[in-house]
Every structure is written in C-alpha cells, then in structure tokens.
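One chain, subunit A, appears in both complexes that follow, with subunit B as partner in the first and subunit C in the second.
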Partner chain A sequence: MNKFLLLLLFVFSDNYLPASGEYIERQGQVMFFSYTSVENIQAENNQVNSLFKPETSEIVVSVLMRAFVFKKSLMHEHFNESYIESDLYPKATFSGKIIDFDPSIKGVQTRLIKGDFTLKNTTKPVEIKAKIIAEDDTYKIEGALSVLVEDYDIKVPPLLSPNIAKKIDVSFNFKYSPYEK
Partner chain B sequence: MYPLTLNIHHMKSKTLIFILFLSMSSFLNGQSLLDKLEEEHQSAPEYVMSTFKGTRISIGHSLETRKKNTLEVSFMSRYWNVPQETSNSFIADRMCTRFGVDYGVSDNFTVGFGGGFPNGIVDGYLKYRLMQQNINDNGNLFGITLLQAGTYRTRNIKNVELRDDFGDKLAFTTQLLIARKFSRKFSFQIAPTFIHRTSSRLNIDDHNHFAIGFSPRYKLGNHVSLVSEYYYVANPLKSIDTYGAFSLGVNWEVSDLLLQFKMTNNQIFTEDAFITQTAQNFNFRDGNFFFGFHATYHIQL
Partner chain C sequence: MQSAIDTNKIETEKRFTINELILEHKTETFKQFVEKAIEVEGVIKEITFRNDKYTIILSEKNHNTLVLCEMQIDQNQKMTKLNVDEKIKIKGVLKGVLMDVIVLNCIILEK
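Entry: the complex of A and B
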C-alpha cells in the first residue's frame, strides 16, 4: 500500500511542479520576403507565439496568418483571400527540436533546428539554421529558412507566377521569458 | 473458487484503471508543447475581409472602402447598338465612358471623383465605413457603409431636369450599404437609397426618389467572382418609362488590376442616373443590351 501511495504521490507531483522549465514568446517577429524581377513582396508579423523547452531542446511556433502586415494593403487582402486562405487555415505551425543544443552553455550557440512546418494543412520537414542566445533568465532564438510555394498547396495563377517567388525567404526573431501559467 | 478469482481480477483491473487514469491525467498535463501553445490567446484583426473586391460591385457601390493612402484609377465603359440602324460601326454603335480616381483618406474613409464622356456628367462621392462585420459571427453580423454622392450634368441627356441654372443640374444620392459575407464565397448587399434631384422639368416628376438595391456576389475561384445587381425604385419618374437597373457580370482580379465585365440595361455610371433614369428593361435586343467593362488599377502611395 505504501508503494502504491508513493506511486500516487509521484504521479500527482508532476502536476504540482511550479515551474515547467518552459519559456514563452508572445510577440515574436516573423518576416517573409518574395523577390522577383516584377515586384518585391514583404510582410511582417509581430504577434507570433512560441514555446521553448531547453531541457528537451523542443521548440514550437504558432503564426496567425491574418496578423501579417504588408506595405501594400491590397497584398494583405490577396494574401489572406486568395493565397493563404486564412479563413480556412488561420495558422501556420512549427514543431521541432534544436539539434545538439546544450542548455548549460551561456551565450551564443549556432545550431540546426529540425522539425515539421505546417501551412495550409500541409506538413513538410524543414531544417533551420538558428542562433540561440542564452541570457540570465531569457533565451533569444533567431534564424531563417526558405519555403517553397509549391510545397504548400498555394495556388498561384499562371498569369501572376512572375510576381511571386518560387522560394519565399522567412526569418524570425524570438525572445523568450520563463513560462508561468 | 471461480467467482473469487474473478473478483480478484476485477479488483486488480480496477486499481490498474485507477492508476492508468491518474497517470493519464498527468500525461494530459504534459501534453504536446504545440497543444499547450495553441491554448495561448492570439490577437488579430477581427473583421471580415473582402466582402466584395472593388469599390463597385458591378455598376453600383459596394460597402468596401480603400485602405489609407491607396489610390485607384478607373476606366469604366459601356458599349451598345442602336436599333434599326444599318450600322457599319466598329464593334458597337455607341459607347460611353467614365474616368475616375478613388482615394483612401483613412482605412474607413474614401473619396472619389470622375468625369463621363460623352455624357458630360461630373461626379464625386464620399464613403464612410460605419460598422464592420466581425469574424465567426462574433459581434457585428454585417457591415454598414454610408455613401454620399453628387453629380453635375453639363448637358441634357433624358430631358428630366431643368437646364436654366447651375443649381438645376445637380443630383445627390445617399446610400446605406449594408452587406454580409455569409460564407467565403457568398456575399449579399442591400442598399436603401435616397436620391434628390435639384429640379424637374415637369411637375409630375418628384425631386426625391426612394430605391433599394440588391447585390449578390458568388466567388467562382480565388480570383474570379460572379456578381449581380438590381435596383427597385419605389416612386419612379412619371414623365418617362423607367425600369429597374440590372446587371450581371464577372469580376476578375489580376494582381493590382480589377477587371469587371457586365451585361446591363443602362449606360450611365452615376447612381442617380442608372437607378432612376434607366429607360429600357434588360434583354438582349439592340437598344436594351449594354456591355460594360471596368478596369481599376490600384496604386499604393
């Protein structure tokens, strides 16, 4: 019976751990660029959510597509209505791990993040070269990746294909602080 | 013997289930990091976007305004044939055009000016968004925009108004553009309309007209939509026979360019003219059938 109680205690104790060891970013920055000879498209989102768990090297990101801000308001409309269809697919998500991340290192580490990126219900494995900066009680992670338009069921009419790059450059900048529920 | 073993078994399985249940709850708590993140609130604009694509649905105004610091340059045209005329015209016997600009002063306030050729109608409008539809029926179920337009007729067209003074040749249109995006494909607009003309050549014609517009939009694809419009006038002109303005058309978006093709029964682009002075019903005969083409180019300043 004692053993059983111990087990119970063990099982429950997990629920009462005050700190989760996780770090959160609620105003992360994600930018993307599409460069073509016809036009350059550029957008920025400053409301990206992300969670980072140093002990397991896990990192997850959730990007609300409507929150991207464009220089040209018409592009914002086309992006949401015709390409990303944000009414059907409101979010893009990433879930992955930092390879060979060492939580004991203070300062800068340059590592590869491997994981799955989901956009418009299509999930593809991606690799991101990122810089992780550990400070007192915060982490900064910044990096960049390229996303192929054809990988994610984004329909570009043939007439407009010269306007939109085949490869979209995405960069991000996250600053994490300890996560408390 | 047999029932006893069963009982023990039963007890064991109960404990097992209990433990399983407990560990489950802890497992749930340690749910995937992504699920945990999705529980976080994310704020974003909560308004429905693109109930219609252009500032005009087909012939009339939509509730859409232009965003701040955007300029649209538009070319509108109608082409038609004249009945009982042995015609050698190229493509069509007659045409009518309007050149216009629309400018977004703020996200909710748009102004526009235009001039018609050869009808000589000069027009201007102010458009203000009063209310926007919220997403997921979370708040406002529809959007409302107020339109105030005014026109000046430099020449006689239908002999309806007096032509003595400048003040005789004006007309004002006030519209409440009420629209709802029912689904990602279907939008519908109802437009209660008041039209005031500063003069009438004949006493039998009222200076004021009340009308209502109905405008559905159905998206055929991400860049193409089918649109229609119909305007009913409660107190039409008495000096001439008039019919409700009707239009059936296709809107096609090509990047910065919005192309609108339509079949309609009127040739003039301003509200007071096509709502109250459409002198022919819609059919495909020469004189009744008008083909329309609008091109609007969007410029971000």
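Entry: the complex of A and C
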C-alpha cells in the first residue's frame, strides 16, 4: 500500500484496520514545551495513534489535539479555542519514512525520519532525528523536533505574545506491537 | 502531569453503554458531547500503566473501535482491584476519536 493511501485511510477513517506486517501504537506519548522568560508551558498527550511498517520504513501518526493535558485549565482552553481551533482542526498528522532503516537490525538505530507534518490544514516537510529500538516483537521510536508557531497559522494575540515561544519543542515516545485483530 | 480538571466535580452530560458510544461517534451529534463529562459502561479488555498513568481499555465484541479511558491520578489505588473481563462503569471527559474513542480524567463509578 503506498504511503499516501495508508495515510488517507489512517487519518480519515476510524474504520481503518492495519494490515499484516504493520505495527500499531494506540497510546503513544507526545509532549510539547514553550519556554519564555515570562512563562513556561508544558503539555502532554498519552493517547496518540501511530502505525509503523518496518518492511517499508513508513510511519504515520495521528494526534487528537483535545487530548493534550495541561497543568492549568486556562492554558488548555486557550490552546484548543484560540491557538489550535480544535473544533475546526481536531487532529495533527505526520506521514513519513525512516531513512536507511534496516529492519534486520536488533537493538538501537539512530536515523532521520523525513515526512510531512500537518497542523491546522498546513503541511510542512520536517526532518526528525529519532532513535529506533527493536526488541523482541516490539519497536520503540523516540525523537524530538521543533515547530515554528508562524509556520502553522497559529494566531497569538499581541497581549499574550511574550508568553508563547516562537519555537515549540516537541518530543515523542512510541512503543509499537504487531497488529492483531 | 496532573490535569487541572476533576471529574468528580463535573455533572454527567450523558450516559452510554460502550456499544451506544461506539455507534454515537459516527453520528453528527457526537460533537456535542466533546469536552463534556460522560458515563460509559462496558467490559474491561485491558489495563495499561504508561507514563505514570493508568488507562482502562473497554471493548465491545462487534466493534474494532475501542474506548480508551485515561484515569485520574486519584483512582490509582482502585486500579489494582480491577480485572480484565470485568464489567465497569466509568465517568470521564470525552475528547474525541482517532482509531478509538478517547476519554480522559476518568473515575470509576462502580464495579
């Protein structure tokens, strides 16, 4: 199945069933941090969906924006209602490929993942340095990337601008198991 | 990270069986329950503990879609008393759907 079709099915159909040879993560973790001199904002999402196909090195990720947890409820409200507009854009997605991934290697491989990240209907190419750990019949993939607020049409009111970093640090931690019906 | 929300203090918007919730998510009216407290009754398929949080996964025989209920930290002590295949009623804040229905800040109502 080509990457584009896999992404379309995964992202837009909640009836999509992974195929043989695909590994699934239903409870991946994505965290983000915004550091400024005024305020540090941190959020985590522990219910991130991802599929990984070792044979083709393809990886797709779907993040429900409302499932991010914040320490303060006002931050949660601003994030969903003003910045992300979660009613209009409920998910962020990533579709890409691990470059030079070798499925025959057990243990750790540090590789570059290249792909497209979509947030608020804006898609940008991204490169992510990631660690892939093959253990028994599972794969762990961990990595980090930076997201520029201005790239994704995130409108921060001038009054709150000093509180929100221009560059948001995102990290992720996924553990995949073979898909079983 | 502990959320600022406490589901104990929120009024239930709607009660579902797991079958009703899974069918509801395909309808237009589902959106009106997002960010609201719902109750769902179903059978425990699996209990996970990851990143310092418990999640109870509910399943229904006729559906591939699961319901993922991420538990509030104050429920941790109750978690050790639960078993797979047990029937349970959970209250939490509905967040939406990916492959599965996602409910956060969940508390156990009765075993």
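In this section, the second predicted complex is superposed on the first by the 161 of 181 C-alpha atoms of A that agree within 3 Å, B and C clash if a C-alpha of one lies under 4 Å from a C-alpha of the other, contacts with A are read in each partner's own complex, and residues count from 1 in each chain.
Criterion: contacts are C-beta pairs under 8 Å (C-beta built on N, C-alpha and C of every residue); 3 or more make two chains touch, one makes a residue touch a chain.
Bear in mind the structure is a predicted one, so any value in this text is a computation, not a measurement.
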Joint occupancy of subunit A by subunit B and subunit C, clash or fit: clash
Partner chain in contact with A:L64 - subunit B first, subunit C second, else both or neither: both
Touching partner for A:R26 - first (subunit B), second (subunit C), both, neither: both
Subunit B versus subunit C as contact partner of A:Q42, first or second or both or neither: second
Subunit B versus subunit C as contact partner of A:N163, first or second or both or neither: first
Larger contact residue set on subunit A - subunit B or subunit C: B
Where subunit B runs into subunit C (options 7-15, 43-51, 187-195 or 277-285): 43-51
Set intersection of subunit A contacts, subunit C complex versus subunit B complex: 14-15, 26, 47, 49, 62, 64, 66-67, 71-73, 80, 87, 91
Residues of subunit C defined as touching subunit A within the complex: 1-5, 25-26, 31, 34-35, 48, 50-51, 53, 55, 64-66, 68, 70, 95-100, 102, 104
Subunit B to subunit A touching residues, read off their complex: 15, 19, 22-23, 25-26, 29-30, 32-34, 36-38, 40, 42-45, 49-50, 66-68, 70, 104, 135, 184, 222-223, 253-256, 298, 300
Complex contact set, residues of subunit A against subunit B: 4, 7-8, 11-12, 14-15, 22, 24, 26, 47, 49-51, 53, 58-62, 64, 66-67, 71-74, 77-78, 80-83, 85, 87-88, 91, 93, 95, 155, 157, 159-160, 163
Subunit A residues touching subunit C - in the complex, by the definition given at the top: 10, 14-17, 26-27, 29, 42-44, 46-49, 62, 64, 66-67, 69-73, 76, 80, 87, 90-91, 173, 175, 181
